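Dumping the structure here so I can ask a few things about it.
Going in written order, the chains are labelled A, B, C, D, E and F, and every chain counts its residues from 1.
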Amino acid sequence: MDAIPFFFLLGFVARLARSDLKLPGQLYEALSIYLLLAIGLKGGMELAKQDPLQVLPQALAVLALGAAIPLVAFPILRRLGRFDRYNAAAIAGHYGSVSVVTFAVGVDYLTARSIPYEAYLPLFLVLLEMPGIVVGILLARLGGEGGKVRWGPLLHEIFLGKSMVLLAGGLIIGWVAGPKGLVPLEPFFFTLFKGVLCLFLLEMGLVAAGQAGALRTSGAFLVGFALAMPVIGATLGSVLGVAIGLSLGGTLLLATLAASASYIAAPAAMRIAVPEANPGLSITAALVITFPFNILLGIPLYERIAGFIHGS
Amino acid sequence: MDAIPFFFLLGFVARLARSDLKLPGQLYEALSIYLLLAIGLKGGMELAKQDPLQVLPQALAVLALGAAIPLVAFPILRRLGRFDRYNAAAIAGHYGSVSVVTFAVGVDYLTARSIPYEAYLPLFLVLLEMPGIVVGILLARLGGEGGKVRWGPLLHEIFLGKSMVLLAGGLIIGWVAGPKGLVPLEPFFFTLFKGVLCLFLLEMGLVAAGQAGALRTSGAFLVGFALAMPVIGATLGSVLGVAIGLSLGGTLLLATLAASASYIAAPAAMRIAVPEANPGLSITAALVITFPFNILLGIPLYERIAGFIHGS
Amino acid sequence: MDAIPFFFLLGFVARLARSDLKLPGQLYEALSIYLLLAIGLKGGMELAKQDPLQVLPQALAVLALGAAIPLVAFPILRRLGRFDRYNAAAIAGHYGSVSVVTFAVGVDYLTARSIPYEAYLPLFLVLLEMPGIVVGILLARLGGEGGKVRWGPLLHEIFLGKSMVLLAGGLIIGWVAGPKGLVPLEPFFFTLFKGVLCLFLLEMGLVAAGQAGALRTSGAFLVGFALAMPVIGATLGSVLGVAIGLSLGGTLLLATLAASASYIAAPAAMRIAVPEANPGLSITAALVITFPFNILLGIPLYERIAGFIHGS
Amino acid sequence: MPNTHPCKLVVIIAEEALEGPLAKDVMALGAHGYTVSDVRGCGSHGMRSGVWDADSSIRMEILCDADTSLAITRHVEDAYFRNYAMVTYVADVGVLRPEKFVR
Amino acid sequence: MPNTHPCKLVVIIAEEALEGPLAKDVMALGAHGYTVSDVRGCGSHGMRSGVWDADSSIRMEILCDADTSLAITRHVEDAYFRNYAMVTYVADVGVLRPEKFVR
Amino acid sequence: MPNTHPCKLVVIIAEEALEGPLAKDVMALGAHGYTVSDVRGCGSHGMRSGVWDADSSIRMEILCDADTSLAITRHVEDAYFRNYAMVTYVADVGVLRPEKFVR
């Protein structure tokens, strides 16, 4: 059986049982730096094998998907959930962006089942990192009383935030160095990847369970949203995947990306750009509900959805 | 020659010479998390190949050994060493529990000499983690004036302490995932193990030498105890190993476990449960004397003891 | 194309663009501990294959080179650069010592091009660590008004400083354990080396760019010095390399060592021994200019210099 | 015109093992919050260099009213001083938003 | 004879996201320096355990004259108190080299 | 009735390279202990971001009597102020167990 999700469960259960286990803060940072760089490198290496002109239209479509998801989520949160503009926009932005670790678990899912996929998909991960966040911020700022978006610091936060720099930097290095240039880096960045992912998932379990207390105050609607929105996202992602001609595996990964919600880049950007929003709400939704749902149940479900849409 | 003990010596000598070398605190934590998880995974993986019914009686006997060792150590410390009840009980508890790194060095010793052993021995490591501590606490609390053990927080500390969660969690994951599920984790958790162990031993050398100053105040009896008790423990462990039908290698490992003293789980538990005890005494004994003695001289000695008892 | 220098560039550009990317401080420490130990082990392992009597005269010559470089640099800084005695001596001391990471990039350069070299060259790295620093301190203290060098703490700092202990400790362990003893440590210390080096270079890029602001106040002379001195050093190193009979690859590595400037051991020692010197000047020169110059442009240039001198 | 209001700052430097118990205690005694950092140091129990668990210390600071500060220091005195490495001090400071810190 | 001179010490404990903005602000308001450390803690916004980015806090301390301390605390009050987890206090201390800290 | 006794708190923020020497000095000058944490910051010597050795700072706090505090601040002034990045301040606090801190 695949060991990966069990590490998340171990962390989750340990924290719920109030174990004093905790990973040192700087280890968490170190692991996330490693994962972001490694995924970027991998994607860049595969991109080097690709014809850029063929990938370009796909890339544009993926960018549009990232912008579209918060536009779907926002009215749901605002009308059905009765959240104020700021909180609705912030949560929507989190779901427009993506979770790197969810993506990695998706890749692992395909690898374990020997399902092939377009190896340059990490490029889409990089592309989906930001548009959702930008749209989320626009939703909060435009039409509201304020309306004054300070774009300078915002764009800075988005394009030069930690995760963007590592993902895009890794992508470019991988692309420039190419498969041959990366051979000596393989043992560190690729062979160890899955083990490091396990450690990170252990930590995610601890963190998610540590935030679980917020569930009590967040309300039932948010829980429902955090379970339904990934499925909506996955469906949109699957439709687009088929439309742009991805394989079944690639479609599943795009669906997984669309289903995932950011808990690294988005919280940091939203905290600066939409401080009126309560960060507890977005994090509860993205990290405590959507993330475990995706890695434990979502991905197999999205395989069906992707398969169904692919088949039809 | 085997490089592993030299890393301990390097750290020990560097600190004695008052070098400013120090490993960052969070690296120490990260390395110990890795080692505990890796040992647990390894043991769980091997356990998956075993018939549980065959292992069960062995496991019960090992639990009893863990409880017996402090009962042997306590009167020695109390009568011969003239320690007060609290200190005698706390020190006895440290020797009832085990040292993960000593175990790892023992495994390395066997591997380097191609001596086979029952691969599920990490299970015994997990089992020996706690009974000694519980008995140590009982010795401190029962019969003393206080007598009021607050079992709630205590059991919590014991079963949900960091090392227990990682060892037992790793064991369960390894057992559920099985050898096949762990293949992708091998490069990280198994191939790197020995290198990480070296780094940890370097740190242990630094820490042990840093505590060596306490030797001056701890008295000669404690030094003698910390040299004799491991040999007593190893003998008990060897007898039990032969009695429950372990191979020579397995017997040596059980002897090594019995000889080792805890310096992670036990100090944390004792500090909360027996605060009257001076932690400097237990740590000096367990870490400054017994630990180096075991990894540098003890293990070869226990091989003879185990061999002798095995042969007879 | 070789990926290694790109990691430095990524860090450098990210910091110049004021990205919030930063590696945790303890990760930086952990990576440098790893690199120092690994290089020491590698060198010691190769030394074990060598006849000590053959290496000894080479070693003495290399020690002399380390002492000579600051004697060349000091008058340049004092006369041409018009630095005061303390700053001239401190900067000269930095250039007399060496940069471990520059050496590692040099080794990688040779490996990528399959150019052979004397595998025991890390020994020279260890030997070059200190004499330059000692001479730099003497230049600051002797002849000045003070003249009172407190040798006790100074020698302590030099021989027991972090980098010295790890390099020399690794060397000794590698030498004692020999190639066979190190086999189980290979995956951790050798196979991962290049990947870890990449991460460290990313950090170096961030750090170097973070110090780049000091360029504005440091003056044009210092920039010129930090570009010219490595070339002078490389020429001296090449001449010596040929004189002591090194191969082309070995000569290039010795040239690279001589060209490099210390930014770990030297700043720490100078801060205690020559506190009157402004550490910003040495660090700007060594880290912001010489280090990137060496890894991006210097090494290929030194290959030509070494080749030219070797050929003649 | 100053915008701050008088308040007590209680600082406790103690063995890391006490972080959990102390956090519980100060909240139970009426504090509305606390802040913790990792420290190392030296005192009558010798060097605590902060490299590993048993050797680490924490520094907890609590803003609270005078009564709570008295309750906290008294409790700490009774419960922990005899058996643990620790020091405690109290300072007078001025806080913004005083309502956050009174019982 | 004491060698210290009266000075204000402003301490701000806040979400890590504010480290950059606060550093900029205090320097713009006349401080000549600041010191930051990583902390964890608990308050009206709940537990902030410092394990990951969104959950980490910093403690910034600023030595400055009374006017600057007033400017800083007022600015912090206006700009951040409503939306961020944070507390601020001010203490009277004595500094060496007072010229380092006055505007 | 307060259970605290007047005491001096000396705080030194300095380059990491001084941690060892300062620790030795304050103990030699009569302190019975000290507490150290890792910090980063900014001052007249520019930014010290704490990412690598030469760029790291420490914060040391010492509880002691008035005479010792004077001795420490004077020594620090003489020995280190000219050549090192550092600031020092002194505060009046109240300690429990005053006998721990007097010379």
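Everything that follows uses one rule, which is that a contact is a pair of C-beta atoms (placed from the backbone, for glycine too) under 8 Å apart; a residue touches a chain by one contact, two chains touch by 3 or more.
Everything numeric here is computed off the predicted structure, so don't read it as measured data.
Student: To test your reading of the model: what rotation angle superimposes chain E on chain F by C-alpha positions, in degrees to the nearest 5?
Tutor: It works out to 120 degrees.
Student: From the centre of chain E, which other chain's Cα mean sits the farthest off?
Tutor: Farthest chain from chain E, going by C-alpha centroids: B.
Student: By mean C-alpha coordinates, which chain is most distant from chain C?
Tutor: The chain farthest from chain C, judged by C-alpha centres, is D.
Student: Looking at A-E and D-F, which pair shares more C-beta contacts?
Tutor: Counting C-beta pairs in contact, D-F comes out ahead.
Student: Quick one: chain B and chain D, Cα centre-to-centre, how many Å?
Tutor: That gives a centre separation of 34 Å.
Student: Averaging over Cα atoms per chain, report the distance between chain B and chain F in Å.
Tutor: Roughly 40 Å separates the two chain centres.
Student: Let me have the rounded angstrom distance from the C-alpha centre of chain B over to the C-alpha centre of chain E, please.
Tutor: Here chain B and chain E have centroids separated by 46 Å.
Student: In chain A, which residues are in touch with two or more of the other chains?
Tutor: 20, 22-26, 29, 187, 192
Student: Quick check: what residues of chain D touch more than one other chain, meaning two or more?
Tutor: 37-38, 91
Student: According to the definition already given, which pairs of chains are in contact?
Tutor: A-B, A-C, A-E, B-C, B-D, C-F, D-E, D-F, E-F
Student: If you look only at chain E, which of its residues touch chain F in the complex?
Tutor: The contact residues of chain E facing chain F are 2-4, 7, 9, 23, 27, 32-37, 63, 91-97, 100.
Student: Along chain E, where are the residues that touch chain A in the complex?
Tutor: Against chain A, chain E makes touches at 15, 17, 21, 38, 45-47, 49-56, 80, 83-84.
Student: Once bound in the complex, which stretches of chain E touch chain D?
Tutor: 11, 13, 37-44, 57, 59, 70, 73-74, 76-77, 81, 87-91
Student: Which positions of chain A touch chain E when the two form their complex?
Tutor: 22-23, 25, 28-29, 203, 206-207, 210, 213-214, 263-264, 267-268, 271-272, 275-276, 279-280, 283
Student: Considering only the defined contacts, which chain C positions touch chain B in the complex?
Tutor: Chain C residues touching chain B: 24-26, 29-30, 33-34, 37, 156-157, 160-162, 165-166, 169, 172-174, 176-178, 181-182, 184-185, 187-189, 192.
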